[in-house]
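Sharing a structure below in structure tokens format, with a few things to ask.
As written, the chains take the letters A, B and C, and residue 1 is the first residue of each chain.
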């Protein structure tokens, strides 16, 4: 298990960068970039968690079966009615007493994923409902079975609508990962605040940390989302239905 | 303390937590006021025809909007001491929340301003009104009412994020829960109660905002 | 005789599209000029530039002897600053196709806003001026109504009163009846007719109402592709148009009925 998790911390990166940068003016990048590796992994897994729970809960909210719908509504109300830090503290400190003890990394991923997933669920629901009614009718007319209709006709069109808000929520996810620093994960924020407690160069330490988050958001996440948007908009003419 | 859930502990803890709620509400309101004012200022700056005012403002707003509030809180709290200036935790907390949410509200104000028909601006020019009076008498009275529900949502947002201020020793709700929990070596009841208190306060508030949004859209008589 | 409005080689471009092409236009004080022509010919742009709603690309516009689009600076002419514009803009008033009344103010408040904020009138002075003007356009009993409670024709008449409250020397009318239902067009035209008879006002009107243009104008200008193709007294332009384009346009308009 230890080895498994060592893939996801930045120790390897640190051992490469440390000899290179030690003693230079950008020495602070070593711990910060080490933490960034953890942040990236949490964001990556968190985005999978967010997408999966968002789609599941979103579709559940559209169910004709009212118990399913109410579970979805309860989920959304809970995850949107409390903030991420409160949720994360409950997962990390309270769940173990009920027998559910998980490594901090998993807690972090699930907490941010399920939190932002609650917001994504509304996006999914709205996108699926925005697909023009004619599409449902046409697929019924073509006698497509229910699941197939969902999968091949409705979802692809809903995905196109979901992508821009999904991109925005990814940024929210990235911002949310900072909170895992409070449950002992050595992410970018943790490294930045630790460094700051040592040398109190707040402007440099935390300023650079903010810059790194900004770069991750604007120059990594946004371009990826734009590329996905372009791919999913391929062949769709602007005029259309 | 024994057991999975101890109701005695709950009632014992509740008064302490409620004191924290008062602090939470005070900080929320003060931060929100800052966010409201700052948002309008930022929105107006971004509409300034001089690009050397509007572009930098836009970049700064984007930067603050897309980076974690938690890091900004640490930044504002510790950057003062770095240069010899001590900042009271409340000031740092209110500044951090107010500035961060000011960038959100500035987007809302921009949308509101965009929503005012171009003809209104032109009529104001035709009457030779000054920029100040154009905004004060003509544009803002039309821009703001439709965005009030969205602005209201941000008050709820600030309220929910105040627990982040526990990291800079402000004695709000989560801090008190942490203290109680560490005093008694028991996390379950305090943290769950924090969650419940937030739910009890924020869910009705959200419904109120949504209800008022529907009422606003109906009653204003916008074409 | 001093000219009230003078366009001197005025050019306006939108990107590569030339909307006004080195336009020369003179308007005498108290003259009533109608501007007609196909859409895209630049006629609305003439009014908008006079009202400083659009920036000039080339040339100069003068109003009442003073430059409007440029200001004297260090001995030469520089593009007018916002401060300078506010000084000279007051001579011009405009009524818009879509009225542009302030929806959150009553009719009388709409008419008071300019005089109080710009002319510095006291509240009660502005109120009585607004009352008089609303009476003049036949809406004294509707002075406390809000625009949403008024018909299109009534709103447009309030808009005229609002513009007049500023005591402009030049009044601009930009297709003021185009957005109105046919049955209320007459009441607006009647107000304009009375205005032209009873007041010393220079008036420029962009319109599709050929009958009214013929009756009301001292001169009619036919615009085509950013230039004045033909202009003259209404009898001459409507009765015996010299320019081929004018003829085409007029016959097309008459066909439409």
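The rule is simple: a contact is a pair of C-beta atoms (placed from the backbone, for glycine too) under 8 Å apart; a residue touches a chain by one contact, two chains touch by 3 or more.
This structure is a prediction, so every number in the text was calculated from the model and none was measured.
Peer 1: Please flag the chain sitting at the greatest distance from chain A, going by CA centroids.
Peer 2: C
Peer 1: Would you mind checking which pair of chains has the most C-beta pairs in contact?
Peer 2: The chain pair sharing the largest number of C-beta contacts is A-B.
Peer 1: Averaging the CA atoms per chain, pick out the one whose centre lands closest to the mean of every protein CA shown.
Peer 2: B
Peer 1: Cα centroid separation between chain A and chain B, in whole Å?
Peer 2: Using C-alpha averages as centres, the distance is 23 Å.
Peer 1: Approximately how many whole Å separate the CA-defined centres of chain A and chain C?
Peer 2: 57
Peer 1: Could you give the separation in Å between the centres of chain B and chain C, each centre being the mean of its C-alpha atoms?
Peer 2: 47
Peer 1: Check each residue of chain C and list the ones that touch at least two other chains.
Peer 2: If we look for residues of chain C contacting two or more partner chains, we find none.
Peer 1: With touch defined as at the start, can you tell me which chain B residues reach chain A in the complex?
Peer 2: Going through chain B, the ones touching chain A are 4, 62-63, 66-72, 74-75, 78-79, 81-82, 160-161, 163-164, 166-167, 174, 181, 187-188, 191-192, 194-195, 198-199, 202-203, 206.
Peer 1: Taking the complex as given, what residues does chain C use to touch chain B?
Peer 2: Where chain C meets chain B, its residues are 51-53, 82, 86, 89-90, 92-94, 96, 98, 100-104, 113-114, 117-118, 148, 162-163, 166.
Peer 1: Hey, which residues of chain A end up touching chain B in the complex?
Peer 2: 77-78, 80-83, 85-87, 89-90, 93-94, 97-98, 171, 174-179, 181-182, 189, 192-193, 196, 200-203, 206-207, 209-210, 213-214, 217-218
Peer 1: Could you list, by residue number, the parts of chain B that touch chain C in their complex?
Peer 2: On the chain B side, the touching residues are 117, 119-120, 122-123, 125-131, 133, 137-138, 141-142, 221-222.
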